[in-house]
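The structure under discussion appears below in the form of structure tokens.
For clarity, chains are labelled A, B, C and D in written order, and residue numbers in each chain start from 1.
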Amino acid sequence: MVQDIPSTVELRLPSKLGFEKVAMQTAAGVARLMGFPDERVDDLKTAVAEACINAIEHGNRFDERLSIGIVLSMEDGELEVKILDSGSGPHKKVHAPDIDRKMHGDEEARGMGMFLMQALVDEAEWTQTPLGGGCVRLMIRLDKEEE
Amino acid sequence: MTMQPQLITRVHVDQAKAGDGSPIGVLRFSGDITSTSRDVLFGGYAEVPATTRKLVFDFSKVEYLNSSGIALVIELLMAANKADRKVQSFGLSPHFQKVFIMVGLNKYTHLQADEATACAAFVD
Amino acid sequence: MVQDIPSTVELRLPSKLGFEKVAMQTAAGVARLMGFPDERVDDLKTAVAEACINAIEHGNRFDERLSIGIVLSMEDGELEVKILDSGSGPHKKVHAPDIDRKMHGDEEARGMGMFLMQALVDEAEWTQTPLGGGCVRLMIRLDKEEE
Amino acid sequence: MTMQPQLITRVHVDQAKAGDGSPIGVLRFSGDITSTSRDVLFGGYAEVPATTRKLVFDFSKVEYLNSSGIALVIELLMAANKADRKVQSFGLSPHFQKVFIMVGLNKYTHLQADEATACAAFVD
């Protein structure tokens, strides 16, 4: 039965800052099609943007010959978004920002991307692709009432 | 020629008055606030007269704000903090109010409902 | 010089009606990033939606094992969008709707997609891919003032 | 279970009065108007009492309209035309006003600026 093929959307973007906005729009389009409410769509957009920025900046180091991949898989009210780059993924753990330390210059002002991803979606996980590239896996779920 | 994505940051500086008649510098941000916005943001900040102790950040026309942009907002708040200036903010979408609270920024700038509330919120 | 690589965005969608909305969002994101005004973005969105619907319906005949491809190429203030399917493209020419004939039942109510594509963008062309698939090529240009 | 894209069409039928006191059936479309909208659109049309000769189509809440959806609008106008009913429309975005004019639809339904203008536009 063809009914069992999971629906997948794939997007490929140049390693240039600004293109994360295209990924935000694409992810929002998919999430809306699945019936996610605006609030969750906003959460996903910011998480996807941060993941793409990291893939462009840290993973592909702005190398314009490389592209980043975004794979969106829809199944059973769950939307999984994988963001793929040609690096080897972060070596740091997710770290919650300490605003007081930042304000006093004891911690860099930056460094909130991974924290925000994890805080905004239902699951965020950093892995590697079988070929050794960097991969972030984000997941949001429809609440029962929304379905 | 290859395509350069358009990320455009604007700051417009206005003056308002607090209840006690003292001046308020209103920084109206618009467009994108990202890693490339530093010069524009600090340029706007520098336009406020040095004697002005009260600032309002207007985010209502911001279309796109990412974590590098939020880091620049933190740097603006650091500069204001050092100069003993108070900052009220308004115009953030519910989503970005949540994000500001997640990173703890509401400890250094109150998130107000609108411009009038923001301008009325300074206690001297 | 890496500066000379043209910027390309690629999208792959399932052959299901509704997913053309994702293509609209992606295309809108790219066009906005290039600085196209809202009016042109709307034109492109509708043209891209019609091309995707035809690719899903006529090209891939709703076969969910097949996907449709959208390739967006940005260069010099020109945005080219190719919509690719696994069919062999239309055998009909673009035909302007005759509203009086439609209203009197002498012409099908449907059949306006190709006409709208051609009317809304600067260039619309139906070709085949090297491998024999269906391909529509749409193009919009930034006006000098917009650049 | 594989994902089925959500395309949702709604029609809400209201009654208004023309200047001469005669009834107007107002069809308020919302959501998506696509190839899957036929039953909902004609269901809404059927709710208008058969004696009502004046119709207003309200497109202001339509989020997505494609050429198959426009074909259904043409079929509604054909039905209205056959029953000697006049149709005024409003609420189309500038983009879709342009599209309606491109396909010639403005010959069979006037595109009005708003609801009041649409309701006032019937001449008997």
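Going forward, a contact is a pair of C-beta atoms (placed from the backbone, for glycine too) under 8 Å apart; a residue touches a chain by one contact, two chains touch by 3 or more.
Being a predicted model, the structure only gives us computed values, none of them experimental.
Among the pairs B-C and A-B, the greater number of C-beta contacts is found at A-B.
Distance between chain centres (mean CA atoms), chain B to chain C: 40 Å. A straight line joining the Cα centres of chain A and chain B is 27 Å long.
Mean C-alpha positions place chain B and chain D at a centre distance of 45 Å. Residue positions 3, 5, 7, 16, 18-19, 21, 32-33, 64 of chain C each touch two or more of the other chains.
The set of chain B residues that touch two or more partner chains comprises 2, 5-6. Viewed as a network of touching protein chains, the structure does not reduce to a path, ring, star or complete graph. A complete list of chain pairs in contact reads A-B, A-C, A-D, B-C, C-D.
On the side of chain C, the complex with chain D involves touching residues 16-21, 39, 42-43, 46, 49-50, 53, 64, 97-100, 102-103, 105, 108-113, 115-116, 119-120. Across the interface of their complex, chain A is touched by residues 2-3, 5, 7-14, 16, 18-19, 21-22, 24-26, 28-30, 32-33, 63-65, 67 of chain C.
Across the interface of their complex, chain B is touched by residues 3-7, 32-35, 74-76 of chain C.
Remark: chain B residues 2, 4-7, 34-36, 64, 66-68, 70-72, 74-75, 77-78, 81, 93-95, 99, 102-105, 107-108 touch chain A in the complex. Chain B contributes residues 1-3, 5-6 to its touches with chain C in the complex.
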